[in-house]
Amino acid sequence: MLIRLKSSATQHQYRELLDYLEREGYEVKKYSTDESVCLSILKDAASLDADDVRAFDAVEEVVDSRPPYRRASRALKPEDTVVDVGGVPIGGERTRIIAGPCSVEDEGQMHRIATHLGGKGVFILRGGAYKPRTSPYAFQGLGEKGLKLLRGAADSQGMRVVSEVPAAELIERLDHYVDMYQVGARNMHNTHLLKALGRTNKPVLIKRAPSATIEEWLLAAEYVLAGGNPSVVLVERGIRSFARHVRYTLDVSAIPIIKELSHLPVLVDPSHAAGRRRLVPPLAQAALAAGADGLLIEVHDKPSLARSDGAQSLDFDGFDELHAALQSLAAVLGRPLD
Amino acid sequence: MLIRLKSSATQHQYRELLDYLEREGYEVKKYSTDESVCLSILKDAASLDADDVRAFDAVEEVVDSRPPYRRASRALKPEDTVVDVGGVPIGGERTRIIAGPCSVEDEGQMHRIATHLGGKGVFILRGGAYKPRTSPYAFQGLGEKGLKLLRGAADSQGMRVVSEVPAAELIERLDHYVDMYQVGARNMHNTHLLKALGRTNKPVLIKRAPSATIEEWLLAAEYVLAGGNPSVVLVERGIRSFARHVRYTLDVSAIPIIKELSHLPVLVDPSHAAGRRRLVPPLAQAALAAGADGLLIEVHDKPSLARSDGAQSLDFDGFDELHAALQSLAAVLGRPLD
Amino acid sequence: MLIRLKSSATQHQYRELLDYLEREGYEVKKYSTDESVCLSILKDAASLDADDVRAFDAVEEVVDSRPPYRRASRALKPEDTVVDVGGVPIGGERTRIIAGPCSVEDEGQMHRIATHLGGKGVFILRGGAYKPRTSPYAFQGLGEKGLKLLRGAADSQGMRVVSEVPAAELIERLDHYVDMYQVGARNMHNTHLLKALGRTNKPVLIKRAPSATIEEWLLAAEYVLAGGNPSVVLVERGIRSFARHVRYTLDVSAIPIIKELSHLPVLVDPSHAAGRRRLVPPLAQAALAAGADGLLIEVHDKPSLARSDGAQSLDFDGFDELHAALQSLAAVLGRPLD
Amino acid sequence: MLIRLKSSATQHQYRELLDYLEREGYEVKKYSTDESVCLSILKDAASLDADDVRAFDAVEEVVDSRPPYRRASRALKPEDTVVDVGGVPIGGERTRIIAGPCSVEDEGQMHRIATHLGGKGVFILRGGAYKPRTSPYAFQGLGEKGLKLLRGAADSQGMRVVSEVPAAELIERLDHYVDMYQVGARNMHNTHLLKALGRTNKPVLIKRAPSATIEEWLLAAEYVLAGGNPSVVLVERGIRSFARHVRYTLDVSAIPIIKELSHLPVLVDPSHAAGRRRLVPPLAQAALAAGADGLLIEVHDKPSLARSDGAQSLDFDGFDELHAALQSLAAVLGRPLD
């Protein structure tokens, strides 16, 4: 961290800053240019918040070139992380697809969907049992009963399971049923939950909050990593912008940026970004072309009867058609689809 | 709700939609115009999600004129709600100020701040004990020890206390110390927490998430109200926009809009929006002039030594100066400051 | 257009609205539902601004299902438009690449770039001679001298030329040198310029303004089309969002949306969205995978010496590598690159 | 400007950068810290674009602490600029209100409005004669006939006139009728127009484009100032954000920021931000409370019959009520309204 001092800073203001830095244990080096006096912080500055430094009267400007996340940073770990979901890798040489309905609804539904997806070579089944919905009057999920149906359907096809965990106190309950925990976009900033997931030993999939910067998103991952759990998968699912023709604006540029800054795998959820099924295929293709490690796609046997997100769910024909297109695309991109 | 059908809709597609609506128990009226065939949903349509209806092939357009929130709506309760925080009203005839440090740090700090604020006629003290921070390496708060210090300082001045509750499982612990629970902007979408707060009998202050629409914000309030707790206070604290000269863009227009759509009181937190103390006074004044019921202001006896948010905290002189300006302003606006 | 009246509307307020609609020549049909009284506007309502109707006291809600643009609409012209740029088609069966430097700088530069690009099968050369720059102190372009260099370089390779026209009064001057006019993102809302281009007989490439909705963008095209010029090419180049890791957020979802709403071809400019050359290839690939008709790419023989936009320009090696990747991709997508 | 070099930069890459800087005439000073090697640019670096420097392979990071605008900067001119509009000051000790209809429509309308506003002590009349509208099918203004009506109405009340100039080639025509040129939000990035206005000797009012950063807005002013015209008034009128409950999000924080960075006066247009007349009063009050030098308000004698922007125009009663509230407010803020 470089701290440039105001030319108008008094000796007293300067002392106040130095005292603070020394009390917090940072090593400081001072140097001058023709323009200004600067302080360079040498040791362990990653825990020093640039905003805290800016609060001092002596400070003109703070340049913080080290990212505030460490374990998530590619600088710390140059090689790509491959996350193991019960034997199924995410990241690495192949493109991974996770699919399933938004909500688990009943046994027949889950059985039909799992059978279809399993038959297409999809190895990880998604489905919500605890559904944090915008409205308290909307369907909130089947709870533990839903988890049982999800697990049963997956097991019948030899598939792995990912489902959303809405609160730390429900981790233990989900643990019996899932192979990977999902942190929803609404909970990306829920540090209480993230800390608790850092103490588990299963992979954690973290969706980007619609207002999160790349740095905030990687810091959410850092909460899990810092807790001792090295298995995090990131999911881009669209950000809030002024554009109203889609539910969320899919930020494809986030994919190469994450690849540059971090070693963690990154998937894309085109369904939530699109909000309408017709837009899912072009966004899914764009995601792979931009370098995503895979996709998270909502599929339902009867989308118009889905109890949530029907408008953006693909039916079986729609999924099959997209799957075929993605196979060709993934092959030419050098990262084949199973 | 009005549903306009596609002119190309087949009889089969039309039947599919009707069956769904009837199965879910809605009463439907059909009428035709020269342009199109429409369905009007007559009963209890507020629980019907417009997006679910849009998923049907027969549907061209859905017009949903009723807000998805009910208890938070001014249509349901035309008169303003005044929330009682241990005898101190928020909303109504007077302008209310809540002030205090971002984080509770130690006994001396809390004592000095409470004494100063109490002396200026501030009746509600704020202070964070559980701090959900963007970085896992930043100060996370003193926990229960902080709550004790906060309560003690407030009691010494006869003040009420509001503090952030980061997770449902901590409600019981906070309950011994606070008069009002704060839901932080990061947790506005945490429906698990909101549901749990709906089952308490203390007021809940809900900060707007930086990406939340007005509707999503009122639906967060609706979770608490629907749970049986009628005491919700809304806090605007800035939204995420492209503008980079402030931490968040204070959406002053949200104030008159909330007053139009809802009966709930709305405060403004200029400190988090500004990110720098110099901007706090103009934003605080703008908030009152736009009709806010009061303010939530970060004050610290020594901002440059604050363990969080020092850059945006006012010192005592800064607070006193702002307080005097707000008194004149509130008086001319017809809602005097205590 | 459907107009739903307030249940509280007085007879006088209702009359006021009806008088207005009749005076403006619209045919109105009234019908009632159990919920409300509605007016349906039958003739030529596309010229009626929904906001003007909303201004009447009697009006509760306006539903405007017809897009405000007509000639740009796919409803009017279902088949794809192929724009002819001096014999080179944009849109249709093949993927089109336009490339060249941000600014025309000197003869050697233009000659080297045109030779390289022409050798790779690029048929349209871009280059700015009039450069509207954010700062008045930045390089503003070579003006007519630049146009001559651009034309000369293109002619030596049998290439077509596109260059930005910054004002209506410069159209005539550009006309001697270019095959297609470019309207920059900064000028997309310059209706004076758009009207003047509607009176020309050369194709017009319209970049999306960084704050433009899809509707505003298509209405910019409509200005040209309504003036009698049927040849418009749209270019997505990123929107302003809160995300700060790129210069602009590339809105890939705009591509399928444009394809749905309009018959006009749509290209993507990954260079301006990215702001950094390393991000150009993934964004370029994502654009084609999402269905774009082609790309507009900044290429410079010596990017670090470019007088504008060097940071986002590809050098020859970078372009060649990307070109090869795009050839494979375009082939698998069924729209080969020349 | 500080340039921090990559630790991995080669001697060749370093030379390339140095050569460029020296060729462009900058004086460079090199120094090292324990962390890195930095270059400090000493002379005239304001014309050096940080993005151009970032394009060099040797560069890790660029810190650019000097604003790219000069003449608009408060650093250059610490005292507030007061702009003289035909003898009526904007900026300084009093709060200024500019009012009038969105479009000039006919003689009677202009006469009634000017008479009413003049009677309330409004000294500057606004009205559009050339209307850049989003749709080519919307009313585009009366042109020169409108200017005559506007001037006539203003003269009858001894008022000054401001009207929008949509293109450089129309400046001469407007010059006969107006006392101040308005650059609309759609044209803020139209550098061709800004340069031409820099060569005039009448004040220029520049509305902020809905996607413009503070820096881009001040650079638009810089174009006029750099051309030799020192009289620029800035107008905040709302930015594009995700928030959909208003037409544009009024960025009140822009007011104190402009006051900090620049000496130019800043007004607020609450009408365009609000989009609905009911929101105009709270936003107008917030603007003054945040420190604006005045307001630009749309007023119409019969808003529901206005040919543009009727929904956001105040009628005479609405204006009178707001005017009275603003008088009290402005008095307590220490900058009385005439």
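Letters A, B, C and D mark the chains in the order given here, with residues in each chain numbered from 1 onward.
Rule of thumb we're sticking to: contacts are C-beta pairs under 8 Å (C-beta built on N, C-alpha and C of every residue); 3 or more make two chains touch, one makes a residue touch a chain.
Small disclaimer: the values here were computed from a predicted structure and weren't measured.
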Topological distance between subunit B and subunit D, in contact steps: 1
Most distant chain from subunit B by Cα centroid: C
Subunit C and subunit D: spacing of chain centres that average the CA atoms, whole Å: 26
Intercentroid distance (Cα basis), subunit C paired with subunit B, Å: 39
For subunit A paired with subunit C, centre-to-centre distance based on mean C-alpha positions, whole Å: 32
Residue list for subunit C, restricted to those that touch at least two other chains: 211, 239-242, 244
Subunit D-touching residues of subunit C, taken from the complex the two chains share: 16-17, 20, 46-47, 49, 51-52, 54-57, 68-69, 130, 132-138, 140, 166-170, 186-187, 189-195, 209-211, 216, 219, 222-223, 226-227, 239-240, 275-277, 303-306, 308-311, 313
Interface residues, subunit C side, partner subunit A - complex: 211, 213-214, 239-246, 249-257, 260, 273-274, 278-279, 282-283, 285-291, 328-329, 331-333
Subunit B residues within the subunit C interface of the complex: 2, 4, 29, 31, 33-35, 40, 42, 60-61, 63, 65, 240-242, 244
